[in-house]
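Shared chain: subunit A. Partners: subunit B in the first complex, subunit C in the second.
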Partner chain A sequence: MNKRDSAHSDVAIGGLEVTLGDSVAGDAPSRATAPDPDMASKARAPLEAAGSKPESHWRLVTRRFLRSRSAIMGALLVLALIMSAVFADFLSPYDPTLRDSANFYMPPNAIHFVGKDGFSPVPYVHPLETTFDPNTFAAIFASDTSKECHFQFLGQGWRYRFLGFEFDRHLLTPAADCAMNVLGTDSLGRDMLSRILVGSRLTLIMAGLVVAVSITIGTLVGLVSGYFGGIVDLLLQRVTEFILALPELPFFLALVAIMPRNASPTTVFFLLAAILSLLKWAGLAREVRGKTLALSRVDYILSAEALGAGNARIILRHLLPNIISHVIVVTTLMIPQIILAESFLSFLGVGVQPPLVSWGLLLNAAKDMQNLGSYPWMLMPVGCILIAVLGFNLFGDGLRDAIDPYAN
Partner chain B sequence: MPSTPFLEVRDLSVDFKLDRQRFRAVKASSFQLERGETLGLVGESGSGKSVTARAIMRLLPATAKLAITSEIIFDGQELARLDSESMRKIRGDRISMIFQEPMSSLNPLYTVGDQIAESLVLHQSMSKKMARKRAVELLDEVHIPDPEARARQYPHQLSGGQRQRVMIATAIANNPELLIADEPTTALDVTVQAEILKLLKQLQEKHGMAMIFITHDLGVVQRVCDRVCVMRKGEIVETGPTRSIFAAPEHPYTRQLLASEPSGEPLPVTQDAPELLSAKHMDVRFDLSWGSIWNRHRREIVAVDNVELSLKRGHTVGIVGESGSGKSTLGKALLRLMSDHGGEVTWNGERIDGYSRHEMLPLRPKMQVVFQDPFSSLNPRMSVRQIIEEGLVIHRIGNAGDRLERVRQALADVGLDPDCYNRYPHEFSGGQRQRIAIARVLVLNPDFVLLDEPTSALDLSVQAQIIDLLRALQEKYGLSYLFISHDLKVVRALCHDVIVMRNGKVVESGACSEVLSAPKSDYTRTLIKAAF
Partner chain C sequence: MIGYLVKRALSALGLLFTISIVSFMMLQIPDGDYASYAKALAISQGGMSQQDAEAYAQDIRERYGLDKPVLVQYFTWAGNIVTHGDFGPSFSYNKPVSALVGERLPRTLAIALLCHLLATTFGVSLGIIAATQKHRMGDTIASTVAFLGMTIPRFFMALVILYYLAFVVRWPYIGSLYSPQYVFAPFSPGKLWDFLLHVWPAVLIATLGGLAYNARVMRGNLLDVLRQPYVEAARAKGLKESTVILKHAVPNALHPLVMHQGVILPYMISGELEVAIILSIPTIGPLMFNALTQQDINVTSSILLLLSAVLLLGNFLADVALALLDPRIRLS
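After this line comes the complex of A and B, so read on.
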């Protein structure tokens, strides 16, 4: 008995490598006559053959994730987005609130790297000359190619606070005597590039806040509902259904309408986040409940009960870790939804209020036909929303594909 | 006498594409089959026997590839390189197949009659009406009572055995020359299994079919097959007539396989050991209700009906029964994992029925359970150490250092490397996982362990090892077992007393050796006949 078992335990560790060796070399003479180890079932063979080092669940997921090109692209986009939101002040050439009555509705100004003095890594622009069409009085912009306005790398510009410290250095600082608006300006002459960069912050904070709150509520409600069942489940499910049945858009408009007129923009922002969170958790709660119901019947939950584990332990140690991967996927796929909802509401003028800046609010300026026709660059934030939504979706899809094949 | 065999498989190799590399599931296997002959493909899980069968049917999954050198010659025709349209015509017509799970291989949305008729319409271009009539005849041929009415029923209305009969009827509908049966009786109860095997044998003689019979069960092979191929890790290690292979196996693996039938005797015990666990008048009922508020239906199902049981310290009591006999439910009720039951449960002289979850807590370490399926009984997100240590953490036993020491001791006790505690369950095979599940129980020093079919999901050789392990642990720690099983061979090797259950009632009980050698009830006799 003992001898057999010790032989067996060697195989317990070595067996993984043996499987690998078998499949590569095609023969395993040393094992051919040895007692057969517990053979893994066919479904498990790929996982065991994949490596001999212990691999935790997240290592496996990472490996699968990194194999998908679109997922990596999504991850890079998301990362770039977050970095640019965090360092928005540093990246902005102009103060996003600075008005310039001489330069309103300026079109985007192309940047150049090769000029009179040859190639320079810091770009420059040709200043725009404004003339008016004598008949229609439409503004005509022409680049004055004789002049070059150079950005200054890490130069001093407008002052901003970051992490409690005051800074005035920027990646690219414009020359003081020259309008250097790479993405143009808005109706008050504010720099669009700077506003888009700073606006991404609110948009992402809103998405993060709403997702964090609704995921927490949704997961908790789903777990409790699915695990306890009975009357608790019945009540929580009716509440969930009620929330799901609320017509979202009229509900938003009504809620915003009853908001006091003199409420500060920050209050409006947090109220909007609260309303969005309140409406978004229900879908996830249903999904988590379904997963929990299925998991509660699995033997390891019963084993834990037989060990004497309490409810809290079963929920937190056994159910939650097995559901969390699903929740993470839902999170990444929910962020673009919130970005779109925020943009949409702000575009309608019921979301984020000025002087705060968000992408939706920036689009608000492009809402009438005349503006749209004359100043199409005001639609630039749409491109940003597109990229952000695409990035998060690619990332979320990649994550789901990485997590799902390893279902048990 | 033609020199070419009816079916010849030469150098069959199948590669599976995996994450990083190829995995050769079948390695250059060759065998042949004559008309009317039954060939058994025997092996444990992962040996490539099902893949071989699927390769002959050309039903391999998209990730699998037949090697270029493989030849499958069926009645003079090369199947390996046949175009898919011609292959489709052969499949279900000249070669047909029966699968293990009769439920998942029948479409739940069509009546069984329609499903049999479908293959007739497809291959014999029969009219629908004719095909339905023929379907009824076929159902009669596979001995389904009242075939007219059954043909109009849906798969879920039939029992497992009847479903498998329907599958067989579908398979023989076009009078195939070759029938491939992939573990056709594994999912069935032993008594049903015996009937299905008898039916297959009858049909084979009547229609003169050749048959490839895939199984892991040596008893079945002995009963059905003329010749056997023993497979191991994708290779055929031994081929020969059934009788000579069983009488004089040549390859060491075959010898090992034959020797791994559960064997040995239960440990010697004294009859005056104190009683540890007893139950009187145990009842478990389930209330089922369905339908709308206005049209409510209720039915009460009696899962366990007035069962008495007594387990002495250091003894093993076996509970034997087929699926649905209420044996697992009884086990869960005894352990108070199911609170609503009637009757008295006494533990160590203390009445524990009616105890709340909180009151049960101090008793939990002493009474433990090991479940059937080692793949679902270990939390995939916890490391082996976390899994085994959990009971100690819950009952606040020892500090972190002590606990790790006890985890390592438990791992050594169940024959695993004590240093593997940082690994995760998916890295272990079925038998190793079951050892981990036993270690989780052992670490608490229990007096009593409920073993709910702990070997049923495992391969034969592994099963024997686990039984040896359980016996050794019983000797070392004086454990008492309640052993739930449908397999009388396993029960004979481990149990002192046995209770035979059917439909929630005790049919027979007594000392294991007496019940097995001189059964009193007809049902027990049937079980014994089917098992040995």
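After this line comes the complex of A and C, so read on.
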């Protein structure tokens, strides 16, 4: 509890009662347990007179969070990632499903801003000329620097639906007579940039789905187990122990292998989410149980019980608010783990199935040694995975330090 | 202490039993068994007619007991394991699973233990450096290394190393465990060196993650210990700073680390699996992956069971070590 004491050190001048009352745990419990509501407001009065309001827990967390440069960087990365996933269609120059038999396995094409007509904010590319090596028949790509293919800013391109409306405007629309694949194309000539942008959606949705399910289960199991104890606790603890004892990766692989082979890609997607959720809740459940056990012996819980509060009220109003910050930290740090697990399984070809697109699935093209050697740019989605993982980890670490600065 | 250890051992055995049931039952779920796989293969590649292939499949079912009830299959399987270490046949490799896994599991464990050793040594040292130089250069560097080691995806590192070795330096030692001249050679220092030349990418990648984990835990623990009054007392009586740190603080910061070893071992093993699948180092990883794509039930369930057993054993050893180190656990 010393974190709250120090947090309120500037307030403590006002009156000892307030710091003590507030320092136990947030607003909700202290309000519920305060024997005389008038006393609290009386004690608060000199504070307001002094002109300093006690800062709420989340204000303090925000302030500590903003003090760390790496945390802000993580938050910005996460924000950028989410925005690009939401507006993926608008940002994609090409239809990610459009095949182009004339331009498959094209290498990335560098964008330029300064051309013959001087600087322009809308970039252009030099079209790539393909010739073949007369001996090995390997494709040789050369930029035709005499030509400039200009993107059109907010031009009309392929049609997509967003929020129920149909649009055809894109941030940068490629010229119709020119292959302008900034990050190259895949085996069927589909634009990699567009596919990576659209693929981010599935990767993030998967992470969100799995985290939502496992956090809910983990928190519930932990709370119930820690609060009720007895036979319920015993049973739930055995299940948790069992889940924790399973080796993660082999278990994922084993579960993935028993998925029905002829299931539709959507079914496979949801089954995969279920599989990933199955193992992830146990760690959190154990932590929440520990915290709940410790909290159940605290005075304000005992007095709530003595006042006749029901189990639901104690759990939801008194226990949950005290563990929620820990749960939030675990959530942010779990997202990168899910992204990695999904990507690895999809990379192996046993995760998300085409025609769905995820980063891991895009990487599957680089699994073959021959492809990897000839078209190393197929490894590009790894960069996105790396950015996502770094972003969420920086964000989560920053959040953890901000919420609980005394944990290591 | 004996009572405590017996309790831990019993709970580990109970878990192992549950895992064996689940891992076996789970692999019964998909429609089609090895016989249907062999039938499809016989039709598509052997050019067998539908009837012949069905008879062939039936024959396989009888030979391997796949037509018996699931419960009977489980008890035959588990009974054979317990009585004479027989995990049944691998359908697709046409060999006993025990031979197949017995050949590869020691390699996986050897690599994982090597990683464990390196990760502990370097991780603890890095943690000590970080804690003693808190908020200075050494701490920043160590914390950055630890953060990167924990966040950079292992399969990313494996892919990059694979690309670099295969296409940039044209490293001749990938995709196998020994160079041809050493495969059947008896053990010699040259063979060991050759082995290391083949497996170092896996060791490097798995070590880096574990090292980062250890360094983080160690840094936190040591910082806590350094705040204790007895450290202050040791300094006050004029001991050298290095004695204070290494003799007084570090031994007391090691306990939570021992407890964490149970967490780090699975991390090492799954790291080894992941990297081995990508670099096709013939250990458990690629074997399990191939068996899964071919629905080779016995191989996958045996591996799952064996790896779980290894992890449970690791956890148990960590408990023993902790009990030996920490009288509070020993006496409670």
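The definition used in the following text is that the second predicted complex is superposed on the first by the 347 of 408 C-alpha atoms of A that agree within 3 Å, B and C clash if a C-alpha of one lies under 4 Å from a C-alpha of the other, contacts with A are read in each partner's own complex, and residues count from 1 in each chain.
As a working rule, contacts are C-beta pairs under 8 Å (C-beta built on N, C-alpha and C of every residue); 3 or more make two chains touch, one makes a residue touch a chain.
What you are looking at is a predicted structure, and each value in this text was computed from that prediction instead of being measured.
Q: In the superposed arrangement, does A:300 touch subunit B (first), subunit C (second), both or neither?
A: first
Q: Kindly classify A:313 by the partners it touches after superposition: subunit B alone (first), subunit C alone (second), both, or neither?
A: first
Q: Which partner does A:330 reach: the first (subunit B), the second (subunit C), both, or neither?
A: Neither partner.
Q: For A:366, is the partner it touches subunit B (first), subunit C (second), both, or none of the two (neither)?
A: second
Q: Just to be sure I read the superposition right, which of the two partners does A:257 touch: subunit B = first, subunit C = second, or both, or neither?
A: In the superposed model, A:257 contacts subunit C only, not subunit B.
Q: Spot which of subunit B and subunit C makes contact with more residues of subunit A, would you?
A: Partner touching more subunit A residues in the overlay: B.
Q: In the superposed arrangement, does A:125 touch subunit B (first), subunit C (second), both or neither?
A: Neither subunit B nor subunit C is touched by A:125.
Q: After lining up the shared chain so the two structures overlap, which partner does A:273 touch, if you call subunit B first and subunit C second: first, second, both or neither?
A: In the superposition, A:273 contacts neither subunit B nor subunit C.
Q: So subunit A touches subunit B in one structure and subunit C in the other; where do those two contact lists coincide?
A: Common interface on subunit A, subunit B vs subunit C: 408.
Q: Can you list the subunit A residues touching subunit B in their complex?
A: 1, 4-6, 8-10, 12-13, 15-16, 20, 22-24, 26, 28, 33, 35-42, 44-50, 54-57, 298-300, 302-310, 313, 317-318, 321-322, 406, 408
Q: Which residues of subunit C touch subunit A in the complex?
A: Counting only subunit C, the residues touching subunit A are 11, 15, 18-19, 23, 26-27, 29-31, 147, 150-153, 155-156, 159-160, 162-163, 166-167, 216, 219-220, 223-224, 266, 269-270, 273-274, 277, 288-289, 292-293, 295, 300-301, 303-304, 307-308, 311-312, 315.
Q: Subunit A touches which residues of subunit B in the complex?
A: 16, 18-25, 27, 44-47, 50-51, 232-233, 252-253, 256, 332, 335, 337, 360-361, 364-365, 367-369, 371-373, 375-383, 390-391, 394-395, 415-417, 420, 422-424, 426-432, 437, 440, 444, 458-459, 461-462, 465, 468-469, 472
Q: Flag every residue of subunit A that touches subunit C in the complex, lowest number first.
A: Per the stated touch rule, the residues are 241-242, 245-251, 253-261, 336, 340, 343-344, 347-348, 350, 363, 366, 369, 372-373, 376, 379, 382, 385-386, 389-390, 393, 397, 408.
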